[in-house]
Every structure is written in C-alpha cells, then in structure tokens.
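Order of writing sets the chain letters: A, B, C and D. Residues in each chain are counted from 1.
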Amino acid sequence: MKKNKVAILGATGSVGQKFIELLSNHPWFEIDELAASDKSAGKKYSDAVNWVMQIPLDKKIAGMDVKKCEPVLNSKIVFSALDASVAGTIEEDFAKAGYIVISNARNHRFDDDVPLMVPEINSNHLEIIKIQKFEKGAIVTNPNCSTIGLVMALKPLDDEFGIESVNVVTMQAISGAGYPGVPSMDIIDNVIPFIGGEEDKMEIEPKKILGKITGGKINYATITISAQCNRVSVIDGHTECVQVKLKKKTSKEEIIKAWNNFSAEPQKLKLPSAPEKPIIYLEDEKYPQPRIHRNLGKGMSVSIGRLRECSLFDYKFVILSHNTIRGAAGGTILIAELMKSKGYLDKYL
Amino acid sequence: MKKNKVAILGATGSVGQKFIELLSNHPWFEIDELAASDKSAGKKYSDAVNWVMQIPLDKKIAGMDVKKCEPVLNSKIVFSALDASVAGTIEEDFAKAGYIVISNARNHRFDDDVPLMVPEINSNHLEIIKIQKFEKGAIVTNPNCSTIGLVMALKPLDDEFGIESVNVVTMQAISGAGYPGVPSMDIIDNVIPFIGGEEDKMEIEPKKILGKITGGKINYATITISAQCNRVSVIDGHTECVQVKLKKKTSKEEIIKAWNNFSAEPQKLKLPSAPEKPIIYLEDEKYPQPRIHRNLGKGMSVSIGRLRECSLFDYKFVILSHNTIRGAAGGTILIAELMKSKGYLDKYL
Amino acid sequence: MKKNKVAILGATGSVGQKFIELLSNHPWFEIDELAASDKSAGKKYSDAVNWVMQIPLDKKIAGMDVKKCEPVLNSKIVFSALDASVAGTIEEDFAKAGYIVISNARNHRFDDDVPLMVPEINSNHLEIIKIQKFEKGAIVTNPNCSTIGLVMALKPLDDEFGIESVNVVTMQAISGAGYPGVPSMDIIDNVIPFIGGEEDKMEIEPKKILGKITGGKINYATITISAQCNRVSVIDGHTECVQVKLKKKTSKEEIIKAWNNFSAEPQKLKLPSAPEKPIIYLEDEKYPQPRIHRNLGKGMSVSIGRLRECSLFDYKFVILSHNTIRGAAGGTILIAELMKSKGYLDKYL
Amino acid sequence: MKKNKVAILGATGSVGQKFIELLSNHPWFEIDELAASDKSAGKKYSDAVNWVMQIPLDKKIAGMDVKKCEPVLNSKIVFSALDASVAGTIEEDFAKAGYIVISNARNHRFDDDVPLMVPEINSNHLEIIKIQKFEKGAIVTNPNCSTIGLVMALKPLDDEFGIESVNVVTMQAISGAGYPGVPSMDIIDNVIPFIGGEEDKMEIEPKKILGKITGGKINYATITISAQCNRVSVIDGHTECVQVKLKKKTSKEEIIKAWNNFSAEPQKLKLPSAPEKPIIYLEDEKYPQPRIHRNLGKGMSVSIGRLRECSLFDYKFVILSHNTIRGAAGGTILIAELMKSKGYLDKYL
C-alpha cells in the first residue's frame, strides 16, 4: 500500500518530536514535510531542533528542510503540534486553504463545528465536520492530555450506568509541560499544586466528548466535574484519583467487567495505533503506577486500579495514561487513522 | 529552670531519631534514657542506630546505653516512637506501671479513654485521661501524619461555619514510611497510589479529634470523610488536595480570615514548639509546595493555598504540613509541652 | 528451529526477573524451569515474586512452579542470577552434576579455569572451560555491571594503541543494587559516594578480561586501574568518566574511528542479542546520558562521548551502558548465544 | 554597632536571592539597595522577583524599589550577583566610580590585579588591590562554586606536603545553574556529563588561589589539574571525587590531621560567616553526602571522606561543599567580612 504523505506543524517542539517518533515506520502515513516557526524555517531539521526523544533522530527526517507554517505545503493532511499562542490562526488558515488539520492544540476544541475526538469514545462526532465552516478543509481536535485518560475510564460507566458527577485530582508528569518546561529546581523533592488552565479544561472537555449529537450538533453531557491538577516528579504518565457518582447503582464487579470488556471502533477497525485493550484493570492494590504501566498497549492503553466504594460518591479509583502518547501525539495519530479508515481523508490524498 | 528528664521508646527508628533531633536543646525536656528493641538494647546508641538525620548525632546521646522497652526506666515521662507491631502492649505496660506515655503509634488512638491530641484543636480532651483505666499512668496519642495537617485546616472552618463533609487526596512524602522505607526503585520517576491503612486512618481520626466531650466521653464529630492516599517523590512534607462542604455558607474572604486569625491554647501559653502562626495562608496560586514551605514555623505551621469554589463541594484548597515534625515527633512534643503547662505532668516529675 | 530449554537460578530477584523479561520470545532459548531460595520453592512463580519489570509478567511463566536450587533440573543449561551469598556452592554443585552454569554472580569470576566473558572482547577465553575442574559441567561468568561498559570502551584502544593505565569514576544507577536495594531516603536529592566492593571489582576484572591466553591459562593484562564508584538518582544506566594513558600516542580521530569500526565475533555470528554496533560514539558534547541512550542497541550498545585530551593522562571521555541489560542479564544471555553458536552447548542440549 | 549599608547587583537572580537570604540579620551588613536589569528596574522588588528561596521574602526587602545597575547607588560596598554576560562592564564602571565590588561573576577573576579570594586560603592576596588599576574603587572576586570546595581540601595538603597534580570528577547540584536553569526533563532519572566552561575554570582557578605573591604579583601555583564536570539530580551541594599526587610522601593519618586541624584567618578573626571548622573529615565510608552534610557549618564547612590510597596518584577522597552558600553568596560575604575586619572597607563606609 502506498503511504499517505503528511506534514507536521510545530515540528521542533516536544509534541512535534513525539509525532515524528511515533510516525517513523507508520504503516499508513509518511512524513513528507516539517513546518515550524520563522526562527526555525529555512534550516535543516537537525539544526533547528533540540531533539529530546529517546530514539535517535532518523537520518531522513534530520535532513529535511523546515518550512514555514503557511498553507502552501504539498501534503493536504497536517498534524498540528503548534503552541496555543499561534495555533488558532494558523490552523484556520490551513483549513480555509483546503487542508485537513488534526490538532493537538486547544484553540479550536470548543468551536461548535469542530469535533473534540477520542476515537474509542465519540467516533460519530466526526460527522459534524461535514457542516464545518471551511469550504474544503477542516479542523479536528484532540483533548488535553489529562482529559483523555479520564474520559476513557468514564465512557463504559456512562454507557452502562450513567454518570452524574466526577471528582478528579491529578498527579501529572513533567513532559506535559514540554521542553524546557518545568525547571528542575521546581520539581525535585517537590510537588507543584497548580497547572495553569488545566483544571478548566478537565472540567469542560469531558462534557463535549461524552456529548450526544442531536439536530446536527453536539449536546454536552450534563455531568458535574470538579478537577484539581498537580505536577509531580514523574517523566511520563499522568496518574489521576477519580470519584464518580452513577445514575444507576451497580456493583464493583459490574464496573470492572464494563472496563475489561470495553472495545470500540478503533479496535474493530484494527487501526494501527489502537491498543488491543483500550482499558486494562489491574488487581494489585498498589497499581497503576506511571513508571510501570505507562507503556502498556504501546502507551495507548489506559490502566485503572483500586476500584473501591466511596462514602461521598459511589466509587473511587485510580487511572494512569501516557500523556505524550495516548494524551497527545499518539491520540492525534489515532484520530487520523480513524478518519482514513472511515473515508474522511479520501479527498485529501 | 531545671529540665524534666524524659525517655524515648523506639529510639533507633526514624521517628525516634527525629525526637532526639527536636529535643536537643529543648528548654523544658532533657533526654535521659533511650530504649529500643532487644536487638539494640545493651549497645551504645551510636552503635545501635543508623543515624539518618541531617544534624550530626549529639555526642552525649551517641554515648548513651540503649535500654530495653520495659517499665523500669527512671524518667516517668516517655515518648513512644514504637512501631505499631509492638507499641500496643509495651505502652500499656508502661501506663500500668505509672508512666505517662505520649505516643506517636496508632495502637491506642481509638481507646475510649485515650485522647487523640492536636494541641491547637482539642486541648480540652486531655481531661479524659483523669478517668483512664490505668491507676497511676496514662497514654496520650498523636494522630497520623496525614491527619494532622488536615484537621488543622478544618478546625477554624468547623468552629465558624460547621463542616458537613470532607474529601481529601494526599501526595505524601517518603519519610512518612520510615527508614529504609520506600525502595528508590518504587518512587523515582513514579507515584504509588496506595499507602496501607492510611485512608482508613484519615477517614476516622478527624472525627475523634474534632469531637466534643459530653458526659465525660468524646462524641465523634458527624462529618463524612473520603480519603485517597498517594506516595510521591518528596523527602518531607505531605501535600493534600482538600474539598469541604460547609453547614453555613460563607465567602472565600471569611475562610481566609478564619485561617489567618486562628490561634489556640499552645500560642496563648507560648509553648516552646508552638508556631506563632499555626496556619499560614499563601496567596500565590502555585503555593504551598513541600520543598519551599515545609519548614515554616520550624516545621510546625500548616500552609494553605489555592482556596477556590468547587462545583461539587463548597470549596477546595491545598494544604501542606511537615510530616515528621508537625506530623510526628514535633506534634508529640507539643502535646507534652501542653500537658506540662497545664499541670498534667506534675505528678510524673 | 526447536528452542533449547534453559533454567534460571535465583529467578525471583531483580536480575532473575530481567532474565525472564529478556528471554521472552528469545529465538534460541526457552525458559523451562525456575528455581529460587527455599522460601520461594514450591510456590507458583506469580505468588513467589514481587514482579518489578515494566512488561507484564507472562502468563505461562506466572504459572510455573518454583523449584529448589538443586541440581535435579531437567534443563542442563542454567542461568545463575543468584545472590553472591549463596552462588558459590550452588553453582559448583550444578557444574559437578554436569550442568553448564552461565552466571552473573561474582563468586567464581577469578577461578583460574573459569572464563570471565564479554563476548565482543574475549570469546577465545571460552576454550579454558575445556580444562575446567568439573568433569562434565562447567561455569562461565559475566563481569560486574560497571566493568562491562568500561572494558568495551577499552578493548579497541588496547588492540590498536595499547593501554598503560585507566582512571574511572562512576555514577551508577540504583537498579544495580537490586530490589528493594537503595532506600529512597538515601538517594533522592543525594549522591552516595560508596558502593561496597565495587571499586575492587573494577580495578581487577578488566585485567582478566583483557588478558591473553598463553600456555592454556589467562595472563592478566598489565594495566594500572584506579576506580571510584558513586550511586546517583538514576533508574538504569551507569555513566563513567574515564581517563586513559596509551602506550602508543594517537589522535582523537583515530580513537573515534577505532570505536566506530569496532565489531567482533557476536556481530559476525549475528547472535540474537548482539547489537549491530557494540560501541556508538556520540558527537554532541552533552552526551551520552543515561535516560536518553541506555536503550541504544536494545540496551546492548555502549555509548561514548566527550573524547578530549587530558593533562594528566592522554585522553578522557564518558561512557554509558545499561547496567541490567548489557551489564547483567543481557550480557549473560549473549555469552550463552556465543557458546551455542560455537558448539560449546552441544553436549548439554 | 551601626551596620554598613550594602547594595546587591543582579538582585533578582538566584544568586542575588541567596545574598538577600544570607544577609538578613547579618551582624555587620545591611541591604540598602537592590539593583537589577532594566527589565526589573523601577519595579518593587516583590514584583520583579520570582522568589525561590526557602525562607519567606522579608517584607522590608519586598518593598524596596529595584534600581538600575549604574554607579549612582548610595552604598559604596556592592555585592555582584550579575550574570557573566553583563558583569564585566558593569563591575568595571562601579570600580571606576569608586565603589568596592565583591563579585561572584567570573569576568574579572583572571585580571592580574584582581584577587580571586577564598578567605581561609589566600587572605594575603587582598593586598594586590592596592595596586589595582581603578583609582578609588576596586574589584575582588569569588571563585567558581566547584572550585571552592576543592581548594579548601587542597590547601592544608599543599601547605604541609606540596601538591604536584590533582584529578577531579564532579557531581554538581542543579542550583549551580541558577533559575530556571536545568530543565527537569534533562535531569530526572539522568546525569548530564557536561557543564559549559566549568572544567576550564576548575583547571585554572586553583592555581591562582594557591599562588604566592612575589614582586607585587600573584605567581600561579605549578600544579597540573584535570577536571571532569557532571550535573546530577541534587538540589544543593557539589560532590567531588578527588585524586592527588603529593610532593612529599605522607600517611593517611597525617592527611586527616592536616584537615582536622586546619583553621585560618577567618576563624582567628571570628568572622560572622566563618565556620568554626572549615573542613570536617567524616569517618563513615559512605560519607560525605550532599543531602546530609551540605549544611554543616551553616553551609560554610567543606566535608571530606573516604581518604584512601590510589594506585595512580597518591591518595583519593571525596569532598562535598554547599555550592550556593560556601560556593557563591556565602563565600562572597565572607570575603567582605574579611575585608572589613582587615580595614579594606574603611574608606567605603
């Protein structure tokens, strides 16, 4: 099969680098162009980037010329790893010019006609791009890294028992802040109980993702969510303490069954980045742990553990997901795979 | 003033060492005897201990002979840093033999006639030792390290607005597990979302501490509490994300005022270990942080920050307290100071 | 090809677990039996082990019965991950009973008739097992984790220029101490400038490994070595600052060429665990770094960087090798592969 | 005694903050003015600074207006915590204008007429400021943080036995890189075997500091030094593995005696920041360690341990010193105290 050529916007940042790492040897997509800020444009990629991934930089990628983030690229499929400070306008420009933009940036997540996608959860939301404001192009977005693990855990519960409210306290990895990101003086032997903007995102994003489409638009789920976000001394992997109040009372066994049986369209379609098991429930009471479980399902599975009754809600449990794979580049690539598989990319090839 | 001689049970463990560190140059108390397990008894202290404190081991202490934990010590005032596996019986034996035991162990915390003390909160609970089962001696206990910071933050709110329910998620320091304690392979680049027995303690201890004495016994406060406890890569200082539902609605300003104005008997009595301000509210949205604030008030102040409204409870905020000072040895010494100041130690001197 | 059955002695410890991890899906060897201390013997492996590897424990392995470390096993090829406190006698018992023992323990490393093997360096030393004291069985050993990276870097220099003296200062990962190993209180925000016995091993082992066989015995290389060993807060990967004095003066370029061109018998034989490039020289002046480079060559390559002139020796440079893969289980498996490939295992199959 | 007013140049950086922390309640000096870059000048200090010290920012200091780094300040005694990128010219301007500049910056360390001071070692070098090029003012400098601990350890050996050569490998704390400094992604679970410019400083600075004054100028000591510098995951405290070749052979006992007996002018003059014991030899073979010993002598003592024979040099040992106290702000303040005590500041008061 001939691979589809794709471009990466914001290719020099840490999310951009993760896209490059995960797309190396991808069976469907092939990186054809790299674009970044004016500071980097015109340089060879290896000269423009401070490569911080663990696998060595591929030689072909290293030698590519970095282009400007302007809609004159050859590839019509672009992954956006742009910083939120510039992503808004650039992504719009590409969409207007007929590109399909699959973005990890927060800017367009709450546009009425832009889907906020987690392929296992709301693949049907893709249909709203048909009515998107741009004539030929389109924008599709990926949620915040701390939201994805949470909604994956909530989805089977919402389907089977209905969710009334959710309380979540996170312990997030430093890689979520990019590079250079968190100064070491701030996090060694320390916790930072604040991540700018993060709590707001976590309190609203799940409502759109778990929303239903009626009358051609997404109706947000009516769940009350309270979030508290902390940064801890972990390289990769967000751990979250979650409490839920359900609409229909159920047993611990039923909940674990719902998680273990959970499988969705990416699994049915056997998408290349889809984990065999999107959710893995771990019985050991001291699990999940970021260093041990973040790479399950090649970083695309969400681990859950410690399900127990709660005196204030119905149940409490702990979730763990890889923030730069499932929570960023990997999740975005899975969206692209879903779109390709369902024919949404046909006109951009 | 002549100092009162005291003994330390469990003197070789990490809590025992902290007692020694904090009692060096104490204005009222002087360590006269050290006792530990049979393995250590008979040795010179410096030979029996693996000293892990940051200040060098005092020469006089280093040269002391370690005694057995049997009620034949000269000092009638004993601090117990014993492990819970042995503390129950040994502490009882001492109390029966006429010693006053001020304990950091969990074993007797829920005996009906044993006060569970935080001097700023329930100094009046001391009166129940008058009816304690032991003829001459008595046992007084200190709560769990993760409970103390929490109840300090709750007390002013309970006094002024009444507390209905409390939700807490902790990020606890490794020193809370003693020495050798947490293996480094388990905590570097990791979070452990489980601490054995800790959640149970946090869900019950505050109810006794905030209880009222009626009819000569402590009536537990009727607060619903849910706790989730995590271990993170921090040396000292427990960080806790707290949510509260209040009986009487109030404003953010009133709450901060209640905290900032909080002062109690240890402050009035100017006890040597009492911090000038038991609670310090920090305005910076990224505070409190363990490495920066754990030593405020010489490790005896509790720092609070990030008070904000909560969609599920009334308010949420972050607290930070030093787990081995306020949360263990320092808190226990403060109890002894309170008891001395109020005459409870007179017959043991 | 039918796989050869192997057994693991000391299967529950951290090195034993690493053997299991690395032998899963091995093309030549298949784990048939697990043996451990009397405490674990008789249990199911999953009940006996505190599994700390990052990949989940394989189900077939989990269900195996743990056997005693006695020479009544079916597999005649045994990997020893035994602790040095017991390895000496047990390994001898197996060798006497006709087993081939490939060991990571230090006990027999300096027996005259036991090769101390690094397959890229001294594969010819295998021939001395023909004259080994045991009638049918034999013992072959792997050097200390901090030695292997060093000798790999030295070998090409010794071959081409001759080495007179070596000075090495290590910064070693905590996984080298096993599990529970280093207490977190000892290493977070800290360095431990001492590792028991390690400096002695590093000052003698390279001399045997780089020795020549004459008259049927290994003549130790006449190199003066001084070692200083430190433990730092790193999970995996030993970093070493090395200085060398050469017999024949040469240029920086020649040295880098010698490293980059280095290839040996494991590469020629295309052994399954042999890295394509045993030595990788990195040009970036801030490399090698453990978190970034430890997994190069699946953890079997040694990374080198920062070659520069030295005012006291001739050259100084930095090396990095994965201590539990190349430096322990992986290195030992490579020895077994070399032995099989050269026919040394034929009579044990 | 009336305190002398001093100013701090570069007051908002991390070294500037450390000056403020250490000068609070100083018995001789009082901060009267704070100066910083144009970006901060004009603001209130609390608005200009991102305070990262552990003690809360003093209210009086918080309210000060930040001035420009121009020689129109009232205090004639200025501490320079300026970044090397700007320190050169600014410090000269102040000296020309009649100020005495005591600097932590590297720019003027090797000017022929500028002393590079460690008060315990070369207090006599102060005399060369009499012939300094500036008419009224003068510049005095403090060496690099990694040099100070080293030369303190070398001085008694050089005095008694003579030093021929020194080999040193450092494991340096992150605070040495300032704030934000080292990104956490670079140092958690990692070592960085490179610190820009550091090795050059360590190979030359000790020669000037240990030099003798003859003919009105400093003659550098003829010692060969080789340095290798690494960054490790430690907050404060540089650990260094040192090897020395001595001119006169001696015993281990004699060396330890030389260290333990070492006392110099700051101790005789009882300078406020002078530690009672400048060098502390620790007998435990696993000491010194940064987290345990960095605060000895209020961060002004240098700890040494593990003295042992070396096959390549004469002896090897480990040293530990607090890099932001003894190695930066504290060392610089000690220079000022020495100068005041010896009358060098009289004309600036």
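As a convention for this text, contacts are C-beta pairs under 8 Å (C-beta built on N, C-alpha and C of every residue); 3 or more make two chains touch, one makes a residue touch a chain.
These numbers come from a predicted model, not from an experiment.
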| item | value |
| --- | --- |
| Touching subunit C and also subunit D, the following chains | A, B |
| Contact-richer chain pair (by C-beta pairs counted) among A-C and A-D | A-D |
| Chain whose average C-alpha position is farthest from subunit B's own | C |
| Centroid distance [mean C-alpha coordinates] between subunit D and subunit A, Å | 48 |
| Whole-Å gap separating subunit A and subunit C, where each centre is the average of the chain's CA atoms | 40 |
| For subunit C, residues that touch 2 or more chains besides their own | 52, 186, 188-189, 233, 235, 291-292 |
| Interfacial residue positions of subunit A with respect to subunit D in the complex | 14, 52, 174-175, 179-189, 233, 235 |
| Parts of subunit A lying in touch with subunit C, wherever the complex brings them together | 52, 54, 56, 188-189, 235, 291-292, 295-296 |
| For the subunit C and subunit D complex, residues of the former touching the latter | 165, 167, 169, 171, 186, 188-194, 203, 224-226, 228, 230, 232-235, 239, 241, 243, 285-292, 305-306, 310-313, 316, 318 |
